[in-house]
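Just so it is clear, A, B and C label the chains in written order, and each chain counts residues from 1 on its own.
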Amino acid sequence: DQYSSTSAGPEPGSAAGDYKCIEVSTVEGLNMIKFNRPTKMNALTYEMYGEIVDALEKAAKDEKVVVTVTTGAGDYYCSGNDLSNFTKVDPTNIAGVAEEARKVLLKFVNAFICFPKPLIAMVNGPAIGISVTVLGMYDAVYASDKATFYTPFSILGQSPEGCSSYIFPRVMGFPKSSEMLLFNRRITAAEACDWGLVTRVFPHGTFHQEVSQIVKNYASLPKQSLWKSKQLSRKWSLETLQEVNKAECDVLKERWQSPECAQAIMDFFSRKSKM
Amino acid sequence: DQYSSTSAGPEPGSAAGDYKCIEVSTVEGLNMIKFNRPTKMNALTYEMYGEIVDALEKAAKDEKVVVTVTTGAGDYYCSGNDLSNFTKVDPTNIAGVAEEARKVLLKFVNAFICFPKPLIAMVNGPAIGISVTVLGMYDAVYASDKATFYTPFSILGQSPEGCSSYIFPRVMGFPKSSEMLLFNRRITAAEACDWGLVTRVFPHGTFHQEVSQIVKNYASLPKQSLWKSKQLSRKWSLETLQEVNKAECDVLKERWQSPECAQAIMDFFSRKSKM
Amino acid sequence: DQYSSTSAGPEPGSAAGDYKCIEVSTVEGLNMIKFNRPTKMNALTYEMYGEIVDALEKAAKDEKVVVTVTTGAGDYYCSGNDLSNFTKVDPTNIAGVAEEARKVLLKFVNAFICFPKPLIAMVNGPAIGISVTVLGMYDAVYASDKATFYTPFSILGQSPEGCSSYIFPRVMGFPKSSEMLLFNRRITAAEACDWGLVTRVFPHGTFHQEVSQIVKNYASLPKQSLWKSKQLSRKWSLETLQEVNKAECDVLKERWQSPECAQAIMDFFSRKSKM
């Protein structure tokens, strides 16, 4: 991997070594954020949410960063929220835990809403939950043909986030967005491309090499033009998306405290332990 | 048919037998509304519009209804507005008749805009007019490969309804939405799927069986999660869609009173009688 | 060509002979605007922008015009802004030149935003830049399978126009719209159809004949119904698109005065001269 061995970021504080759950590098304008918990399918702990926000904020400010790419280490792109975030919960303080989770989520999604530079996903394998929903805000999503896209909200008693309740219906229409966001259907890379979530699909064998070259070329384009163009195209929904993010997090906070959600998560672990 | 023989609804007033033009049942959370004028290709009379509104309002309130499905009896899904609604018109009171039609339509479409639970269409055959335009508000549209989608507004001197003037361009873009809504092109189930109106297409032979199983599974999902997620995703356009509905009905009322529309409908019946 | 030989327009001032860069005709309700600088791949000079605006304004007012079609003479549909608009610039008055260009562009795009009748593109070959971006506002886009769609903004140090910064993401989603508008990817007619910019693709050999018949039929539909339906469907974004147009032109004006843009255009001509 050409990126993992290079030194990162513009400030001492952003060196790759400072993060535990992600790996960050910047080479010739190309900033790469790699989700790096491969043994946990790159599931997002609170610490990892925070590190990604920090990396995005640094990339936004760093004049040397032209474009940012996210990808996953190992076979998965990202398996979404680490459910152990919920199982470790103190049962006497569910409200407090739900409020903490709400804040983490709100800040995480807001970092994507406000990111002022081109943002590209290299979806190297299965993507689940919030790693799928935020894709609607990316400027390009390149997927391996082994990637799948899965947002099992209702089966876990939860509800959509990442601004997907607003963006997905506007890109693919309600008849498709609800099949994903309400009815838990896992879609293939080819379907995700048809439905507007993915830009292009590549054979897994050449995925890394082909897409690495593509994003490297993007990082050499006139940068002010890229940034101004992106900011122009986002201007029309910036405030709405911030409002959407708040409303989604509020509904989720309520869901997390509901008996229905607790039961659904227990059922999930029960099914899992039987597999 | 597993649904038609079952008793319906939560209140005495909603029993299947109370409706003349539709058949309604609820089994294990799955509420099924079947358009039931097969000899008239399930064309919508004023009475039938009213019965569908009534069935939707009851389903919305009934705690036992988790999801609602609409489908058609016989070969057609629904052939849209029954043009005999217009041919029976008293020529001395066209304005009054147009106003009555406007009210019927406004209320019908509003029932779809406000429906708070997942709504699924099993499009078993050709769909025409308003039965097509309201599909943009459904949460899943499963179509037989014998289904077609046809909105012949301008050829009848009329104009789009069902919030399609707003939703269709936002899902498929103006270059495709206008070909349907302005230029009367009938599209296939596969095209409707490509264009965002249909979620998935099934071979006609296994359509009923496959989709019945799918929607049955949806009705067993955590229901508060389904309802809250749907309401969250609709919140962003609820007021706009109500405004769109009003404007569409106002334009149609004007169209219905125009010589151009009267001529176009006469031409239609004249062509039909020659076939 | 059945259109080029016919006399045009309703007023003396709109006769085909009055235009230098376009050819205009109206036959049985079908108004045809042909971009007519085939030796320059129909690139848009300031004069040509002005003539197209004039032709659209006359078509809007002319009761005899039911629908308007744009197409290109020769192999290209339109190669976009003629870069000689910039190379002839007086280097002591870049601000003045940028302001003039901004005004020309603002007026041109506004003519598409406000056009009150069905507007159809016959894309006979490659389309570049602003001839692509305004397609999002058309009511049908019929493309030859030799057509391509290319918006090389960032490679020329520029930014999107034609309301594409707003419309493209809403039709195809950001992951696809940014690949076109930020990352300069040229797409085929088939891709443009998948992505929502094109209604249908035709084999080049029969393109002209097939599409001429289609649009001729459209011009015979009840015209008030067509116009009212179009105006209804555009009402929901009319003011927003005017605001978007202004913002896009303001950003471009700034871009045109930037060293980055000047350098990018010089690099472009340098690469071109080496080919």
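Here is the rule we use: a contact is a pair of C-beta atoms (placed from the backbone, for glycine too) under 8 Å apart; a residue touches a chain by one contact, two chains touch by 3 or more.
Please read all numbers here as calculations on a predicted model, not as lab measurements.
*Asks:* Specify, for the interface formed by the sequence copies chain B and chain C, whether it is same or different in terms of residue numbers shared by both sides, with half as the dividing line.
*Replies:* Mostly different residues: under half of the interface numbers shared.
*Asks:* How big is the rotation, 0 to 180°, that puts the C-alpha atoms of chain A on those of chain B, in steps of 5?
*Replies:* Value: 120 degrees, nearest 5.
*Asks:* If you average the Cα atoms of chain B and of chain C to get two centres, how far apart are those centres in Å?
*Replies:* Comparing mean C-alpha positions, chain C is 36 Å from chain B.
*Asks:* In chain B, what residues contact two or more other chains?
*Replies:* 170, 172, 194
*Asks:* Can you list the residues on chain A that touch chain B in the complex?
*Replies:* 153-160, 165-166, 168-170, 172-179, 181-184, 194, 240, 244, 247-248, 251, 254-255, 258, 260-261, 263-264
*Asks:* In the complex, go through chain A and note every residue touching chain C.
*Replies:* It comes out as residues 118, 135-141, 167, 170-172, 194, 196-200, 218, 221-226, 228-230, 232-233, 235-236.
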